[in-house]
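Chain IDs A, B, C and D follow the sequence of writing; residue 1 opens each chain.
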């Protein structure tokens, strides 16, 4: 690999920054001046996705599925309806499908064509999810991608990759770690990481909680 | 189109590099870029498929060297020009110069709250019964439209199984070209990794895509 | 298509790149020379060869000879490498040449989608457009669209054969001889044979095109 | 590898722009980069397939944003460093900092013409018989090696016809990895445009590639 050369990974936005700052400011000003947007709307949006909606939503779904067998069954039958009862709703969550990880099947979610992601339960996607390495390699060689995350699965585990090519949004329900019997939903939710709901990680172990 | 957006199965991009404690946005301009795209979508200046197509049309050499929100911004500028929302002079000046061409529909904070809650569903009443059922074997067509499509290159020509009948949805291939919503049945199709990547590939891998009925043919 | 008003890197000789690359090339050349891996005079001979000596004029002579000498034409189409060797052209990037005959029914076009394979001994080094992403991506999928970029429009029923040089074979297109050239010398005929006509993105000039 | 170099059938790169009166080289450094690359083949000890892989093996965005001779030069730097002929600090200093490694031969000015004339023939003697003959229907295998191959993505899985049996030639897929020349029969295979690009393909177009026997199976 020619890794000694300069790369342009998505996260080197330093060089673009000042130019992009100017360009977005120009657009925003024009749209404001033409009356297409209300500055307060912009603030609501940023506030919503920066502060309110995030993987904590998804973690609540997973924790509930771990303790409540009826909810769990419903979640896998009709993710959209089951999740709606938790009142997140929202954009890019209209057709949510929950995927069950088991000792024999591990699910992973990608969008090779753009960056489709279940915003309603996970918030906005991290940079790596939108990056070329992830989008290119996950469908062809998911195990090597898992290795980038330090995760090595048993050789005979079936890996199911879900390429979100349409309006369906996927969330992975990771396996419940052992040693968590009798835990409350709130405490269980702390074990559920964002990556475990994308499929690039597993839920935390009890000992991982400080 | 077979553009830079269609990355599935490409080599050479290097490792996936997760960022520790990644913030939601990496700069203030990213917040604006994000919000501006939401707002222009709700204002129905154009549809989401048309906006996706515009992003894919960015020449690959440029596409692959832009950051995520950089892509959004470049595409947004293009859309504003193409749909007559702004002129090149206005983009350069950073101010409105010409009067508004279309009647502006002001998007308010309340609109945004509704949008965040309700989203924008894409399912539609079915004009005809679904052609395939769960378990059917299908082949993804070998098609190479120059326009927007959601059928990735790596799946084309390959055989898989229907694992879910999702419903009847807006067809992005026509919606992106402003040729109407033209709803079609949507399916989840599962492919064996070896079918997609050849006999040497990992036998434990399966890949699922969503495919509209016009992408598929029976076996 | 959109996005054309943005910066492109088509030709890649933007001035901004020059200084940095120039410095790096000079540094590497100096290091290699000091270590004795390369001899500067050998570099000069190489540059001189491909800048001044080897070029499409070679191919034009091959084509002109094929136009006037039917036995040569037959030898060329049967096994081009020795036939081209007869005129004295051979060597690097031309070890295995195949000649392709254009006819009223069939038009041949050559591309290398994977890199930039090109018959150096008869055409010299390839032009920038031949190595560019637009040509390499579109020639196999939409050759008529590419021909339109060159202002060439072929009849609808002409078969177009695209040759993607994916291995060590190098292709040379033999364009059709223009009408009104009966009795012309090989030298004069060679003036009609353009580089593009031997790649398949052009046709041979007509007599009226010569000033 | 499915890298930036595998451009056949990809969209969005814009029109082909022939340059009137194009010079052979566009800058002094291009001449040097070109000539050093040719001259170093001998002392460097690499083969053409290794050079090709060194050129294509980089992030696609980088590949597509680099000019032709920049790619050549980057590969040259990479290969000279990989073989310990030069080091980063020497390139940074612009001069040699340590004694050279012994090499087989250095190209002298007097050798240039003869070396170029001889070229690098790839045909090899063989005892094996070609499996296919002209007229045979073959399918290009669906292979996706991350290493060097000369089977472009756009023909994989598609059916064509053997048009010519070329001979037995060095197999680049193995030669690029330093795994030996492993000569294989080489064929010209013709594909119908509609087979490659689907029903919208131009029926008057056919595309031929040169394919080594291990790329093909009977159809």
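FYI, a residue touches a chain if its C-beta (ideal position, glycine included) is under 8 Å from a C-beta of that chain, and two chains touch if they have at least 3 such contacts.
No experiment lies behind these values; they were computed from the predicted model shown.
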Where chain A and chain C overlap in contact partners, by chain label: B, D
Result of counting contacting C-beta pairs for B-C and C-D, higher pair: C-D
Reference chain D; chain at largest CA-centroid distance: A
Whole-Å gap separating chain C and chain D, where each centre is the average of the chain's CA atoms: 17
Distance between chain centroids, defined by C-alpha means - chain A, chain D (Å): 40
Rounded Å distance between chain B and chain D, as computed from the means of their C-alpha atoms: 34
Residues within chain A bordering two or more other chains: 1, 7-8, 132, 140
Where chain C touches two or more other chains at once, by residue number: 1, 3-4, 8-9, 133, 141
Contacts with two or more other chains, residues of chain D listed in rising order: 9-14, 56-62, 64-65, 144, 196-197
Chains touching one another, given as label pairs in label order: A-B, A-D, B-C, B-D, C-D
Contact set on chain D toward chain B in their complex: 1-4, 9-14, 56-65, 141-146, 153, 157-158, 196-201
Interfacial residue positions of chain D with respect to chain A in the complex: 54, 57-62, 65, 74, 78, 81, 88, 144
Footprint of chain D on chain A - complex, ascending: 1-2, 4-8, 132, 140
Touching residues on chain C, where the partner in the complex is chain D: 1, 3-4, 8-13, 17-18, 21-32, 34-39, 41-47, 49-51, 55, 90-96, 98, 113-116, 124-125, 127-129, 131-138, 140-144, 146, 149-150, 156-169, 196, 201
Touch list for chain D against partner chain C, complex: 5-19, 22, 24-36, 38-40, 43-44, 52, 55-56, 64-70, 73, 76-77, 80, 85-86, 90-96, 99-100, 103, 106-109, 111-113, 115-123, 150-152, 154, 164, 166-167, 169-170, 172, 186, 188, 190, 196-197, 202, 204-212
